[in-house]
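Given below, in the form of structure tokens, are the structures.
Note that subunit A is present in both complexes that follow, paired respectively with subunit B and with subunit C.
Up next is the complex of A and B:
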């Protein structure tokens, strides 16, 4: 076994880890579609899907079989290239973001120095999925949805980045592992509470989750930008949304809730528990809130969240300078 | 308790005031009175004087603020027309003065060769759709109408369905075929043409988007289409397009016996159940001269209020869902189910029991009904409070609905808005108080009113109305009169079965009424009630037959939809959705 040098082993392990994270993220996204329906059922005084398998556990398989065998229809009036490209971007950009998230001290894909910036870049690319999807569908509802999505994502990304700068300033690094390690025993949610709030809001908006789901508002746009999509192309948008939810939850945990840190339990369990909590929060928000009007969402972003993040950043900067004025 | 009597106060003196004023102004020849059972003066006026008469009545001194109804009658086959002016077609205008609580019905006689009238859309804006409907159904033209096109029938339809020479049954036509060419033609006819409606496609350098919302859209509440002219998300103008749910209920009434038409009424406002039977059977009972027993009247009130609650619960759930809250609808449907369990135990059916009968109700209340109803009455109040706390006090709900699609009382009256949507503007007019029927005068309840006339008030008001309905039902439970559930009258249909088995006379009547149907004396009668969505009225014309000669069904949702463009210009798409949710309409109630 002369070829199995430590270097090769490391590469294989890294590849396996990357594969595990990738599959884990997609699978979690898929499982979440069912978990969400069950939880919504619980909160809405009804059962939710409970017919396939014990407690509806096999519902996911039934759904996947169904969606795989649906006719993959591209409308004749659609712009084919962009139409096909859009769901791929939706899925890929979010999945790629996972590589910067350290799940445990040993389980991670890439230890990038610019981890946080990488995520912001990917989130920026994600808006093209919606834009392309809406534009290429040749449908007016899709177009309005895409228009809303672009405006909303752009405005919310402005302060999403700013909301995280407090964390970066305290840690002095964009590297996610450094950020997690800096939180040992002292989670950033305490000094960066406003940063956390605004990031959570921006995260919901960027993933188009209720109550910021104006781009696909069913009651208004009848599904918005992905109205013309069917079969697995729709599936990719659909799972993409849940992958986005997992991503934002994982990021919140990493940046504000100490990542894998926690007593007694192994790191991966802590990470999973914390992420699970925020996933539940996403679903609970959907179950409980009505949808604000689109222009109010925009003005809320610009007039409330943006100033709040700026003030937060100023204060954080001032405090850091006071405490460690070197 | 009298059901068949016309509205309160002394009608003769009050009616005379209007009639005399008209006679003073237009001369004895100008207005000709017709004796009917409608309870209001029915006056024939000349076509030439119509606009002037309507203008005079609209005027402050007479204060007929609302054109309640406008439709026509094909008189050509009517045999009992003694003392009436010669007419092949009659167009009638039902005016309401809500401030003085009095009505007047004007009729205009038209000859077959000259079916044309001046349009009154400039006097009463809501005449627009009614005149289109009359043109669609009878082929009577209205000069000066802004857009006289078909409204309920497809644009490609041949003939005018409510004319007596138009077939009623599909089997009387040639078999229906649809070729590819024919399908293309039909689809082409549905395509929206902005120029046709006097809309511009461009403004300066920006192009407007024309968005076709419906007839299949999650928030259209049925097969309703509304074409929006959009600048970004701002609605510049919109054109509602109705008729996709038209089933020809008025035509069907002309070939169903008085008795067998009852199930059709259930399906007019399909969330209203027996509430729809009420105006119909009350109008028939006026024609037949039946006084129902106190017990029957009270049972009717109780069931009607049960259906008001189930209808309002459906409204509340969908209204909040249209605002993006996905959960409340499941809770309101749970409550609604509890209501239906009571309704089912009493009537045997859920949504469309067709349970009222000419002269009473189908059967007596089942044993143990009090306990069932009481269970529902005890369940509801805390739930209503919960909806208020979770939703109506929610900041997002308030932001989405406050000052959205708000209108004033004056505007509401001009557009024919009735029911909760009118009361949301702060105008206290409820037929159960103002013109009690079926014994509502014996109940102790309040009429909730709003203040801003916006989408929020329309929602909150219905929660308050449910509380009042619960109060009424509680009084029904506490004071249900003893007695028979059917009137002792030869025209009660079907006659009491117990006696039918003993008496040969009753047996014969039973046989005739079930096989042919009861024969009602020639006359005209009218009953308006405060239905779930506003004022619902049946205007029946009998020609001394087993079937109605003309049944006019005036529904509240029709004018409510007509009002949308006037309200929504300058609003945003989400505001339109909020408004659609707050109107509380069902398309069956619009298209009939």
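Up next is the complex of A and C:
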């Protein structure tokens, strides 16, 4: 075993960790599709999917079999290149964001200096998935859905970045590990409560989750930008939405709720518990809130959330300057 | 890291060529996005990760999205592809290409001599010198220009407002429409 030098071992461990994070994110996204339907059933006082296996636990396998064996249909009027590219962008940009999230002190993929900016960059790239998907479908409902999605995402990304700058200002670093380590004593949700609120709202809007699912509003747009997609291409958009949910939950935990920090339990359990809590919150929001009108969504973003984040940033800066030692 | 630099530089050049030669506007914009990401990678390999991240966030993530947005709204069809193809004929691009080649030769010659700061007469005006002049003796002009631009913005926003609809006054706010009295 002469080739198994410490360097090679370190590379293998890093690759295995990256693979574990990747598979974990995708599998969690897939499992959530079923968990969400069961929980929606519970909260809306009806049965969810409960026929396949004990308590409907094998529903996921049935869904996957169905989605794999459907015909992979590309409409003749579609722009083939972009039509195929769009689901790949949707999935890849979200999965790439996971590399900056430190799950435990030892389980992480990359320790980037610009961790937070990397996430924002990937969120920016993610808009193209919806835009290209909607446009290349050659369908007016898809196009309207894509227009709504990109306008909504652009508006909410503006203050999504600004909401995080309070955390960055307190920590003095874009590095996610530094941010988590700075929350050893108290979680950032306390000094940055408004930052947390606006980031949560922006996160829901950017992943197009209910109540911000304007792009796919079934009643008006018959499913929006992925109306022409079928089989695994639709599956990529569908799972991608849940992967985005996992990503935003994990980011909220990392940035505002102390990441892996917590008493008694090992770090990974704390991280999983906190992330799970926010995933449940996402689903509960979908179960309980109606969808607002589109212009209301836009004016809420620009007229309420943006000023709120700016004021929050201003006060955070003032407090940091007041408290800082000379 | 040197390999990454040259590879992403090559991708940037090829993607930019793609922007020019592609006849479909949306595909051309996709090439431009790829080109911008490649330039971000060049920054990254040069040891400027912050600039790289901003390049992706600002250019690829925000400005290009608006470009794509507008091009999609224009609903350009086969006619535009035909027009683009016509513009790519040698007769059309020969003149600009010759002029650009002369400029390229001048640039290469200047780089070859190694003295970038060489000018016909006087000294080189750096960005810092321009800034101190603009915000020093000419501050009033800059402020006046800013106010003019703001006035233009307000005017555009006023002119662009939609007229009130022929409907009874609503109690709710209605997007960008004027308030009904």
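By our rule, the second predicted complex is superposed on the first by the 324 of 326 C-alpha atoms of A that agree within 3 Å, B and C clash if a C-alpha of one lies under 4 Å from a C-alpha of the other, contacts with A are read in each partner's own complex, and residues count from 1 in each chain.
Everything that follows uses one rule, which is that contacts are C-beta pairs under 8 Å (C-beta built on N, C-alpha and C of every residue); 3 or more make two chains touch, one makes a residue touch a chain.
Since the structure is predicted, the reported quantities are computational estimates derived from the model, not experimental observations.
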Three-chain arrangement built on subunit A, subunit B and subunit C clash or fit: fit
First, second, both or neither for A:211, with subunit B first and subunit C second: first
Partner chain(s) touched by A:295 [first = subunit B, second = subunit C, both, neither]: both
Contacts of A:287 with subunit B and subunit C, given as first, second, both or neither: first
Partner chain(s) touched by A:44 [first = subunit B, second = subunit C, both, neither]: first
Superposed arrangement, angle subtended at the Cα centre of subunit A by subunit B and subunit C, nearest 10 degrees: 100
Contacts of A:146 with subunit B and subunit C, given as first, second, both or neither: second
Subunit B versus subunit C as contact partner of A:127, first or second or both or neither: second
Least Cα gap, in Å, left between subunit B and subunit C after the two complexes are fitted on chain A: 6
Touching both subunit C and subunit B, counted on subunit A across the two superposed complexes: 295
Sites on subunit C touched by subunit A in the complex: 24, 26-27, 30, 33, 37, 49-50, 52-54, 56-57, 60-62, 65-66, 68-69, 72-73, 173-176
Subunit B to subunit A touching residues, read off their complex: 209, 211-212, 217-219, 233, 320-327, 330-331, 334, 391, 394, 396-397, 399-400, 572-575, 577
Subunit A residues within the subunit B interface of the complex: 40, 43-46, 140-141, 144, 210-211, 213, 217-222, 286-296
Residue ranges of subunit A touching subunit C (in the complex, touch as defined): 79, 81-82, 85, 112-114, 117-118, 120-121, 123-125, 127-128, 131-132, 135, 143, 146-147, 150-151, 154, 157, 161, 295, 299
